[in-house]
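Dropping the structure in here first, questions after.
Labels run A, B, C and D following the written order; every chain starts at residue 1.
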Amino acid sequence: MANRKLRMGMVGGGQGAFIGAVHRIAARMDGLIDLVCGAFSSDPAKSKATGESLFLSAERVYGSFEEMMEREAALPADQRMDFVSIVTPNHLHFAPAKLALEKGFHVVLDKPMTFSLQEALELEKAVRQSGLLLCLTHTYTGYPMVKEARQVVLSGRLGRIRKVYVEYPQGWLSEHIEGGENKQANWRTDPGKSGMAGCMGDIGTHAFNLAEYVTGLKVTRLCAQINTVVHGRKLDDDGAVLLEFENGATGVLMASQIAAGEENCLKIRVYGEKGGLEWKQDEANSLWLKWLHEPAQLLRTGGPGLSSYAQHNTRVPAGHPEGYLEAFANLYRNFALTLQARLQGTEPRPEWLDFPGVEEGVRGMRFIERVIESGKTDKKWVEL
Amino acid sequence: MANRKLRMGMVGGGQGAFIGAVHRIAARMDGLIDLVCGAFSSDPAKSKATGESLFLSAERVYGSFEEMMEREAALPADQRMDFVSIVTPNHLHFAPAKLALEKGFHVVLDKPMTFSLQEALELEKAVRQSGLLLCLTHTYTGYPMVKEARQVVLSGRLGRIRKVYVEYPQGWLSEHIEGGENKQANWRTDPGKSGMAGCMGDIGTHAFNLAEYVTGLKVTRLCAQINTVVHGRKLDDDGAVLLEFENGATGVLMASQIAAGEENCLKIRVYGEKGGLEWKQDEANSLWLKWLHEPAQLLRTGGPGLSSYAQHNTRVPAGHPEGYLEAFANLYRNFALTLQARLQGTEPRPEWLDFPGVEEGVRGMRFIERVIESGKTDKKWVEL
Amino acid sequence: MANRKLRMGMVGGGQGAFIGAVHRIAARMDGLIDLVCGAFSSDPAKSKATGESLFLSAERVYGSFEEMMEREAALPADQRMDFVSIVTPNHLHFAPAKLALEKGFHVVLDKPMTFSLQEALELEKAVRQSGLLLCLTHTYTGYPMVKEARQVVLSGRLGRIRKVYVEYPQGWLSEHIEGGENKQANWRTDPGKSGMAGCMGDIGTHAFNLAEYVTGLKVTRLCAQINTVVHGRKLDDDGAVLLEFENGATGVLMASQIAAGEENCLKIRVYGEKGGLEWKQDEANSLWLKWLHEPAQLLRTGGPGLSSYAQHNTRVPAGHPEGYLEAFANLYRNFALTLQARLQGTEPRPEWLDFPGVEEGVRGMRFIERVIESGKTDKKWVEL
Amino acid sequence: MANRKLRMGMVGGGQGAFIGAVHRIAARMDGLIDLVCGAFSSDPAKSKATGESLFLSAERVYGSFEEMMEREAALPADQRMDFVSIVTPNHLHFAPAKLALEKGFHVVLDKPMTFSLQEALELEKAVRQSGLLLCLTHTYTGYPMVKEARQVVLSGRLGRIRKVYVEYPQGWLSEHIEGGENKQANWRTDPGKSGMAGCMGDIGTHAFNLAEYVTGLKVTRLCAQINTVVHGRKLDDDGAVLLEFENGATGVLMASQIAAGEENCLKIRVYGEKGGLEWKQDEANSLWLKWLHEPAQLLRTGGPGLSSYAQHNTRVPAGHPEGYLEAFANLYRNFALTLQARLQGTEPRPEWLDFPGVEEGVRGMRFIERVIESGKTDKKWVEL
C-alpha cells in the first residue's frame, strides 16, 4: 500500500444530490482516500456551502470544474488531487472527464459514461492515449456475490451458458413527478440532461452491464419494446429487450420505472448446460447455484466455498449483511488499490483490477443507442 | 348439491402416466365425483390392468374411447357416466372430446386444448352446439391466491394495468432425454403428438392463460424469440415473448424447459398505476400487493382480507399450505358444482363458474400458432 | 395391493367440524379407502344430515358410536368397515377407540390420543392385546421433507445431535373468542373436553412429537413456563419449555396461540456436530441442510438427493407444491398400505410402517401431564 | 453541525483484530470523525505498524492506553482527541474507559461493557460523575428497521406486549478451535479475558439488549439452561432462557455458538394484543407487521410508512440494502451528532440521542451474572 491516502476531487455532488453523497461514503469507507477538493455545483455559492459541510478548506472548493482542474494541476505534486470523481448528470460527464485526463488526473465516473455513444468513443480514445485509469461506477458489479457469480460462470461449472434473464424493476416514476422537488426525477426524465434514453439509460444499462459482466459474454443483437408509459413524459420509462449473445445463448432484459411498488430489485439468472445461478439485490449476500442432478446450494458472502474475488470484496464475517454502500465502496477500493500499485510501481492483484472501466462505458452507450433504435423500428433485430 | 356423486369416465391415464393420476386425485378430493369407467390406454390389456388397480368393475373398463362412449351412452341414465375426463397427449384430445359431446357427455380436458388451432375452433363450435360443459385444466388458475389476484385487478385497486411479467422456467429438458424412459419427455418433444410447439405448447400456454386470467385483458400482438436449445430436439424448448395487451399495457412472457435447476416456479407480476401484485407457485399461498405510497401487504390463503373467490377455493385454515393438487381439485370441484346445479336446475354461484373452458382453449391454441409463427419471422410483431 | 378399497367408518366430524372434513379428504385422496359409515354426531339428526351430504346410505349412518360398532360388527365380513376414524374432541377419544378395538376394528385417531395419560396407558394396553393397528394423526410427520429430515438425522450426516429448536406459533386465540361461534375455540379451551392442557395439548404435542420424530431421541426432562394470557380463559394458551434429550442434547419448545398475526408456522431446527437442518410448514417442500464447512443445500420435495421415505410420500414432480392435505393423506395412505398388506398376509415396506401410533400417543400424553406440572412448580426440572 | 470533524483515538484494534477494523469503518462512514491517534496493541511495535497502515502520524501512535490518555490530554484543545473508542477484549474495557473519563474524554466502548457487573456499576458511577458521553456498541440497535420496531411498539399499535422471542444462533464455535489462529475464538472462550460467560456474554447480551430495546420493557426474572457443548471448552457456548418482563409478558431468549451452519441470524419477534412484529438480521431491511384481523405488512428501509427514527438512520433509497456496517455507523453517527451538539451548545434531536449507553451496559452485565447463576442452580427463577 502507498504510505498515504489518495487524494480525491469531486465534480458535482452538491447538497441534496443523492449520488454524490453515496460516492463520498464509498470513497471514505476503507480509509484509502481523502476528499481534498471539489467543484460541487455550477453555482459557486452552493459549491462553497457543500465544501464547508464537508469540512474542506475554502481554497480547495472551486466554482467550476475547469477552475478545479486548472488550479489543482498547478499545485505541488504532494498536494494536488490524484483523481477526480465525476457525479454530475449525464450531459456533464464528458467534458470534465476529458479535461481531467488532459490534465493528468485519473477519473472515477458515474454511469452511463456519457451523453452519447459518440462522446463515449472519444472518451475511450482519450483514456487510451492518456494511459490513465478510469473507473465507471456500475455499482452492482461490486457486490461480492456478483463477483462470485462471474467466477462460477468463468470456471465452467455451469457448462456452456444458454439463457440469461436480467431485470431491474422500479416504481418511483409511476407518476408524473418531474418538474417537482425530486432532482433525480427532473434530470433523469430530461432529454437534454439524460440523453436519448431515460429508463434504459439509467437502469437498463445496469442490467445490461450485469449480464455481460456475469456471463463474460457480449450481446450481439437485440429486439426491444420501449415504452413511455406516464403521460407527458419525454423519455422512456419502461422497456423489455430480447437478447442474443455471442455464443448463441439468448436472454431477456427487463427494466421499468413504472413497476409500481417495486424498489430496486435488480436480479440476474443465468443457465448453463449443467446448472443455473441466481442473484438479486434484495438478498445481495446470497448466490443460488441450482443443479440439474444435485440439490441447490446457497453461497453466502463470507461463507464457505467462495473464490478469491468474493473474499477480497468482503469486509465482515458471514451473516452480517453487506449492502449497496459496500458494493459501491468495492469499486473505489479496487480502483484505489490499483492506483496505489501504479504509484508505487508494483503489480496490482487481479482482484484489484476487477472494476468497470471505459470499455464497459462504451458498451453501455452502444446498448443505449441500439435499444432505443430497436424500440422505434419494425425490424425485429438490431445488431449491437 | 345433488343427492349423489357425479360419475366420471377417463380417457387416457394408464399406469405410469403422470397427469392421469393427478386428475384422479383432483377428481376424488372433495367427494363429489366417482370414477366409474375408463379407456385408460389404446392397449386393452394395459387399460384393463389400470382399471383393476383402480378397483373398477371389469365391464366398465374399455379398450378404446370409442367403445367407451358407445357403451356408456347405452347404459341407463342412473348408471352411465356424467362426464369424461380426457388426459391423453395433445394429438388425442380432439377426437374423444368431440365424440363425447356428440354422445351427450360433458368434458374435462387437459391443456393445450387440441393439436391445432383448427381443431380448437371446431371443438368450440361443438361445445356451443351441444350446450354441454367443457372444463380445460389450466391448473394454476385454481390456486386461491391466483383467483384473488384476478379479483384484485378487477376491483380496480391497482388502477389501470400497465405492465405484466409472466414466466415459467423449468429445467427438466436440459438434456436430450427423449427416446428414453420418460414418457412425458417422449411425447412432449414429438411434433406428431404435441403439435407445432413444445415448450410454448406445454408451459407457454399456462403462462399465457395466467396472464390473461389475472389481468382480464387480452393479448393483441406479440414478438417472440423461440429456441430449440438442445441439439437434436424437434420442438422448441425455450422462448421469450414481448406482449401487447388490448388496453395498451405491455408485457413479457418467458418459458423455458432448459433453465437447468429450475422446477416449476410459474410466476406472475402485474403493475397498475397505483400498485402491483406478485404471485409464484413456489409460495402459492402468498399474494403480494405492493403499493406506490403504502407498505406492501401479504395476502395469504385462508387469511384476512380476501374475496369470496379465494375463500370458496380454500379448504383449510391459513398456514396449512394448500398446493398443486388442491388447485387442480378446485377446477374439478367448480366444474362439478356447476354441473350439479345444472342437473338440479339451480343457478350456479359465480365462484363455481370460474373455471377455464373452451374459450380459454381457443386462446391458447391461437397463442401457440402465433408465437411459433413469430419465432420464425423477421417481422417484429404478429397479431393475435 | 388388495383388490378392493378399504372400508372406513367415522366417529365425529359432523357438519361444521373442521378436522373431520380434513380426515375425509385425506382418506379419499389416494383412492385406497371408501367412507362407508359414520356416527358423525351425538345428535342423531345431525349425524343423519352429515351422512346424506356425504352420499352415504342411510342405514350406515348411526346415532352413536356404540351403535355403529355394534351394527358394523354384525355385518358380513365383506361389507363391514375395516377401520374407524375417530375425529371427536379429546374427551371422546378413548371410549370409541377402546370399543373399536374390542370389536376388532383398526383405529385411526386424532391427537392428542386421549383425555389423560391414564387413558393413554390403558389404550396402549388394549392395542397391544388386540394386535390391531392404531394410527395417530400427528399430521406434520406426513410431510415428505419432515420424513427426509428424520432420515438425514438417522443417517448420521449431521453427527451427534446437540441442539433442537421447535416452535409452533399461532395467533387465533389472541382474543377471548370462546363461547362464540368458533366450535374449535369452544372445546379447545374447555378443560372438560380438552383435558388438562389447552395450547400444550393442541399444538405443544405436535411440536413435541415432531422433535422426537425428527431426532429419533427421547426427551428426558423439561422445564416449562406455562401461561394463560387471555383474561378469563380456563386453559393455557401459551408456553415455552426447556428440554433435555436422552443423548445429552438440549432444546427449546415454544408453542403459543396468542402470537397475534401468526398462522401455523410449525418449525424445527436440529443441529449436530457437523451441520444442521431446518424445516418449517410455511415452506413445507423445502428442507435446509446447513453445513459447518460447506455451502448450505436445499432439498426439495420431488427433487434430487432424497431418501426412499421422502420419495414414497410424494405425489407430483418437484415444484408443484404439496401441502397439508397431502401430508395428512400420507398418514392414511401408509396406514392403509400397511393394513392391506396385513389383510393379504404380505410384508409391509418399511416406508409404509412409518406412521405415528400408540407409542407416540402415550409420549404425547406424558408430555402434556409433565409440562403442565412443570408450569406449576418452582422446581426447575421435571422428569419425563 | 460543528465546523470540524470530531477527533477519535482508539484503544485496541491492532492488525488482525476483527472488531477494530469494523469500528474504524463505522466511524469513517459519514465523514464526521477522523481517527487521529491510537494505542492499538499492548505490543508497541504492533501498535506502530497498525498506525502506519492507517496513515497516522507516528507521534500519535502510542504504546499503551495510559500513555495515550496522558499525552493526548496534554495536547492543545484544538488538536487532542475528542473521544476514545475502546475495542479491546472484555477484560480491558474498564481500565481505559475509566481513565478516559478521568482525563475528560468521551468514550465509545465495545460490548459487553465490562468484565464484571461490579466494574459496570463503577463505570456507571464514573460516567455520571464526569458528565461525559458513553456509547456502547450494541450494533443491532443501529439498524433502521430495529429502530422502527421499537417505535411501532412504543406507539401502542400492537397493543400491550405479551410475548417476546429473541434468538441469536451461530455455528462458528461448533468445534474446539480455541488455541489456534482464530484470535476471536481464543479470547472469547477464555474466562480470563471474556469474564464469566462465553456465548451469553458475547451474543446473549446482544439478544437481551435487543429485546429490552425493542419492547421498551425490562426483564424481571429468568430461568436459564446454560451449556458447554464442546468438550474441553472453558465457558458456555450455548444456552436458552425463559424470561419474564415487568408488564407480565413472557419471552424466550436463545443463543448458541454451536448451531452448526448458522451465521449470525439474530432475530426478534414481539407479539401484542393486536398484532406482532418480526425482524431478523438476514433480511435486515425488512420489518414485518402481522395483524390479527388484517393482512400482514412489510415495512422496508427507505420505504413508505416509517417513523423519523428509521428515516434518520437511513442513507440510501429503498431497495439498496443497508447492512451491518451502516448499522454500526449509525451508532457512531448518533454519538457524533450528540457530541457535536454538546460542543456547540445546541440541543440534540431525539433521534440522535437514541444510542446505547452505560445504562444498557449495566443491564447487560447484570444479565450475564444472573443468567450464569441461573444456569447453575436448581431454583427455577432468578431475579434480574
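Miscellaneous remarks
Throughout what follows, contacts are C-beta pairs under 8 Å (C-beta built on N, C-alpha and C of every residue); 3 or more make two chains touch, one makes a residue touch a chain.
Because the structure is a prediction, the values reported are computed rather than measured.
Note on connectivity: the fewest chain-to-chain touch steps from subunit B to subunit D number 1. By residue number, the contact pairs of A-C overlap by more than half with those of exactly one pair in B-D, A-D or B-C, and this pair is B-D. Inter-chain spacing, taken between the CA centroids of subunit A and subunit D, is 34 Å. With centres taken as mean Cα positions, subunit B sits 44 Å from subunit A.
Shown for subunit C are the residues that touch two or more other chains, namely 262, 289, 291, 296, 300, 303.
With chains as nodes and touching pairs as edges, the resulting graph is complete, every pair of chains being joined.
Against subunit C, the residues of subunit D that register as touching in their complex are 158-159, 162-163, 165, 167, 169, 171, 174-175, 223, 225, 227, 229, 238, 240, 242, 244, 250-252, 254, 256, 258-262, 269, 271-276, 289-292, 296, 377-381. Residues 1, 3-5, 18, 21-22, 24-25, 28-31, 35, 52-55, 170, 172, 262-265, 281-284, 300, 302-303, 315-326 of subunit C are the ones touching subunit B in the complex.
If you check the complex, the residues on subunit A that touch subunit C are 289, 291, 293-300, 303-305.
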